[in-house]
Amino acid sequence: MKQIAYGMVGGGPGAFIGDVHRKAIRMDGLAVLKAGSFSRDAAKSKAHGKTLGVSEDRLYDDYREMARKEGSREDGIKFVVVVTPNSTHFEVCKAFLEQGIHVVCDKPLTWKIEESEELQRLAEKKNLLFAVTYTYTGYPAVKQMRKMVRDGLLGKIRFVNAEYPQDWLANPVDESSPIAPWRMDPEVSGISNCLGDIGSHIENLVSTVTGLKIKRVCARLDSLVEGRTLDDNATVLVEYEGGAKGMYWSSQVAFGYDNALRIRVFGEKGGLEWAQEDPDHFIFTPSDAPKQVFSRGRDPFAEEAQRYSRIPSGHPEGVYEAFANIYLPFVTALAKHLRGEKLEASDLDFPSVDQGLDGVRFINRCVQSSKQGALWVEM
Amino acid sequence: MKQIAYGMVGGGPGAFIGDVHRKAIRMDGLAVLKAGSFSRDAAKSKAHGKTLGVSEDRLYDDYREMARKEGSREDGIKFVVVVTPNSTHFEVCKAFLEQGIHVVCDKPLTWKIEESEELQRLAEKKNLLFAVTYTYTGYPAVKQMRKMVRDGLLGKIRFVNAEYPQDWLANPVDESSPIAPWRMDPEVSGISNCLGDIGSHIENLVSTVTGLKIKRVCARLDSLVEGRTLDDNATVLVEYEGGAKGMYWSSQVAFGYDNALRIRVFGEKGGLEWAQEDPDHFIFTPSDAPKQVFSRGRDPFAEEAQRYSRIPSGHPEGVYEAFANIYLPFVTALAKHLRGEKLEASDLDFPSVDQGLDGVRFINRCVQSSKQGALWVEM
Amino acid sequence: MKQIAYGMVGGGPGAFIGDVHRKAIRMDGLAVLKAGSFSRDAAKSKAHGKTLGVSEDRLYDDYREMARKEGSREDGIKFVVVVTPNSTHFEVCKAFLEQGIHVVCDKPLTWKIEESEELQRLAEKKNLLFAVTYTYTGYPAVKQMRKMVRDGLLGKIRFVNAEYPQDWLANPVDESSPIAPWRMDPEVSGISNCLGDIGSHIENLVSTVTGLKIKRVCARLDSLVEGRTLDDNATVLVEYEGGAKGMYWSSQVAFGYDNALRIRVFGEKGGLEWAQEDPDHFIFTPSDAPKQVFSRGRDPFAEEAQRYSRIPSGHPEGVYEAFANIYLPFVTALAKHLRGEKLEASDLDFPSVDQGLDGVRFINRCVQSSKQGALWVEM
Amino acid sequence: MKQIAYGMVGGGPGAFIGDVHRKAIRMDGLAVLKAGSFSRDAAKSKAHGKTLGVSEDRLYDDYREMARKEGSREDGIKFVVVVTPNSTHFEVCKAFLEQGIHVVCDKPLTWKIEESEELQRLAEKKNLLFAVTYTYTGYPAVKQMRKMVRDGLLGKIRFVNAEYPQDWLANPVDESSPIAPWRMDPEVSGISNCLGDIGSHIENLVSTVTGLKIKRVCARLDSLVEGRTLDDNATVLVEYEGGAKGMYWSSQVAFGYDNALRIRVFGEKGGLEWAQEDPDHFIFTPSDAPKQVFSRGRDPFAEEAQRYSRIPSGHPEGVYEAFANIYLPFVTALAKHLRGEKLEASDLDFPSVDQGLDGVRFINRCVQSSKQGALWVEM
């Protein structure tokens, strides 16, 4: 398979997540970086692009120029990776969609529901692929759990308990720190910090594994460290369509927790449990047998999960591989699309703009509930 | 120290919890069973009492007679253990208090707030000791965590996440099962099943470890298994006086969980975590150092915690020892009281009628919140 | 059932293990302490006996007098618990056996093989019950694993890896400490410290679970803390009759380990794993299915294991209950024996003098191997 | 930095480990595949090379031709990755060294000690870099533990217990399986299967973390599955120079274990413990404080360890990153070397031909010991 050319907006020097995307893409060697606008500072962007091996004429001062020029080159990039601050996702994604360029964008997709809806419409209208990098659903174990729920091994779902505690904002952050505005300034961070950043991963993970649709939420966003205007902790009671119930907790002040996304799903016939920090294993408890520890590679995973595994059991696969598992189906589907073949539902095995929109809606409804004093709000 | 005579109401043949109490009391040998009314069936009660070595003249047909007669014997029992169905606690406890007999009662203390208040008043008026067997606060690790919070090692508490999942009611229970009415019939089980039974342990554990007072709750009691009238799952958002927040979950339908009471407390300076199924250890994460695993006996526990440890580190102490740790301070304090000495606050190191009342109030307010559609209710 | 009278030799003030025995016996209330010689210091012994409620005329200055007098009383003790220093076990046990009194003795039974053989012969000749308190085989999970191996669920055993690390002697011990001679003086501690004390538990646990007989050993006993004459760490390569192989490690200098006895057994059809510090669970991995976590009470245990469980799943049972599980079958069998009934093999479900002798032989052969420079020695 | 050209011998279609090397190299983008001889079947090799983007004129029928031609091209590869069967490592590595091409080779380096010695001499004489891919020492946590030992945090090392159980050969392997000869045929697998394959990782990990040199070994290599000529399980008693002792176990028949390399090190002042399947964490127990769980990224790692971390704490890094951490210092050092700069010891932070030789010596001495009936053999 010929490598597909891609570009990146954001991900300049010191921008951590852009580098993660590039490493994850390189791992499978299916796509190659050919253009970029890595920083709003044109000189920085250029210097950075050179270290990445991008030819000078495809290093752009701004993303609009990049979208326009790449959109009109015959050998132009086929997709763009958007890793700019959340508040700018909308305009950047829109610019590339309008030029017929496929998009991969970080989450949360946008802050406003209408903006995500517009991106959704635009992608559909232009027949463009659009992935949102909810990383954690890339793990083979998550895909296997999804399959087991779909196959009815849990029966009807009754209850979900999911959480995402971290502790990196548990100590007050120096106001002069470069991280401060990203996390504490509503102008930059949008309507929510903790729930928007990591709570949306909970929502996406639960939705992916269980297929449940949220009907209404009762949310409380807390600012537990003094002097903060945005939330650093959030608790949400959830009611799903069909009667199942749920409970979510995200926190950035939970001393002892690094990045502890965890899901527990309980149905009529059994329970499932998975923790992101030990991604190769999950626990399945049938209603009538001992607890079982499934290990990726050792125990039978369905083909739709196992294909995302790159190495035998007991050899840990981590976040880079999970990230690569968003790009693998995206680039594969894109190649098929570019060859003019029709895409099946199974080809689109990556978080899409639809899931991006779900996340934005979830965040907005939770913020609304919290502002009303943690009252129930319909989705 | 001379053994103190005690009696028991309830705990007849097949009654599991009565036997646990007796074994726990026997462990330290400080008290000895001398009287009982073990069953409402007089013949059964008598037969059972004999196997327990109680002399025939102190095996009573009913608890009122027992209270009266024991209360007037010179060598009468000094305290009674009440292990009858929850709905009868009030009348039984009252009968013994009125005869000047000290009381140990299972939790929840009563269903109605007023009844618990009356017991509290009566005990105070008669100057009688009254313990409520919230077993899990008997563990040395719990007492050590309480001490660490009091000593300020966590700073001001910000958030508490506590849960108590079980799975023994996850499958529908045969209606003809003897357990069915206990759990599913409001006449017997009172106003709540799951929250009343195990949710109250959460409330007591959090209160014991943190000292926080609940200001208001938003609770949702679910009946997730079809055909149930009472709750088998409950989620509660909590707000404490002083601004801390909390989240509780209790469940009896959580496949994979036996008896998994667990508490996580986060403060300004660190976090604490403990799980009842591994009671000898807890985790303390200071704000600026690696996570620490404390082991009872290996690592320094304060005297007020260590005194409840009976064996060196690595030799598991379990639920029987936790139960014995309710009785140890109760009987020791009672002996001091009977000798006419004044009791210090530190002597009263067992869950009291006050904590019993707190639990009853918590259950009632949660039920009320849930009936209103999970709206906030002041305590 | 009428309580059986027992006596104790050793277990005086400050003697930790004697108190553990007494608490464990009290738990089930099947036997009652009626006589004792608790210390070589007669005054101490008397004072201690009184606090335990033993009547003064049955508090003896020395064990020989006690054996003689109790042996001739009509209401004399039916069995004696021997918790004296290891080097005195032989003479004490012998004195009681000769008086027709049944015996429970701590491990290791003796230091010399011939002494254990003599006790074995004497018990057999006099038709007396003789238990050796290898505590850890009392856990229900151990009995369940034993059953699973016997039932062939593992197929033929291939390999065993068992270990028992502790760290309480990892720091040099002050020579003036009361513990020093017990552990470091060959006059008191006999031929081995670490292997004799805890290595013998490994041998007994492996033998109990697997039924394997040791054919030969290659052992290395190390004194890793400077200035010690006796071992504080030991590694043993084992070959069993029938071709299976094994590897044992015991240590008292393993920082981070409290009392971490652990066994892993691998057969043709699966593997088993259990750790004493989490005694209610074990892991079974069949050759063709995911790893299974068995939980006492939740998952089906055979009756011969489940009968030793006193409380539902998730309510931890610990070392006291394990100890009580040595006494429960011993006292029950003794009662049957005293009633003149014939004992079945299944009645004798406690570690016997035969297993005591196996342990002594194991220790002696390992010491011999080590002295020869870790060469192979036949059992 | 300009990408360095590399070639590969082995790693053809279906050859798992070659793909792992390529992905790991791609991750950091420091080197690029420019030549190869991927299979002994020339057609297969060519076809495979094309899918990897290697230009046709640099796809070679055999490795000798490749070494010769690449060695004489101005833009020839700077290093070769040797991932052929172990028995061919010697001749392949030698061919490239003779052409002045730097080498990265899989472990075990060779079967014969003399062959490894010759490669060591040749690399030294020609001043060429030579890495041996002991993957697991690439983890940041391993490097941090090495640093802590060097800094004296454990004091003098007393004892090491290391193990590497797997279960993938626990069931008899079909003789027609393609894997069969690799693992069971001495012609292909050399003098040892289990010890040679995974036991050598134990030896290298212990040596890396502790710096200890092995003085002598007592090894037993077992063929526990019927019909095997080579070992599938091995136990080794180790004595180090300076008096420390050790115990190693490797197995491929340990049901329940995937790839469970684990090390425990005990010194005068504390203990360390790490398990490959949870590579981001390790446990440090100081002699006088609670057990501490170190988390990569959360807790302070020295710069020499932290520089190998690519993502914040709680985002698992796995085997691919560990592999990349062999290549990162190798390629960086090579670039420096190619620029004509002098390399410092700290530049050579990868397992070298010296460590490769140590491993080969260890394997040979263990085989020799086992053949003599598990007697002690000097290194």
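Read from first to last, the chains carry the letters A, B, C and D; within each, the first residue is number 1.
Basically, contacts are C-beta pairs under 8 Å (C-beta built on N, C-alpha and C of every residue); 3 or more make two chains touch, one makes a residue touch a chain.
Here the structure is a predicted model, which means the values were calculated and not measured.
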For the interfaces A-B and B-D, which has the higher count of C-beta pairs in contact? A-B
Most distant chain from subunit B by Cα centroid: D
Between subunit A and subunit B, the Cα-mean centres are separated in Å by 44
CA centroid of subunit B to CA centroid of subunit D, Å: 56
For subunit B, residues contacting two or more additional chains: 167, 257, 291, 295, 298
Residue set of subunit B touching subunit D in the complex reads 284, 289-295, 298-299
Residues of subunit A touching subunit B in the complex: 158-159, 161, 163, 167, 170-171, 218, 220, 222, 224-225, 233, 235, 237, 245, 247, 249, 251, 253-257, 264, 266-267, 270-271, 273, 283, 285-287, 291, 373-376
If we count contacts the way the header does, which residues on subunit B are in touch with subunit C in the complex? 1, 3, 16, 20, 22-23, 26-29, 51, 53, 166-168, 257-260, 276-280, 295, 297-298, 310-321
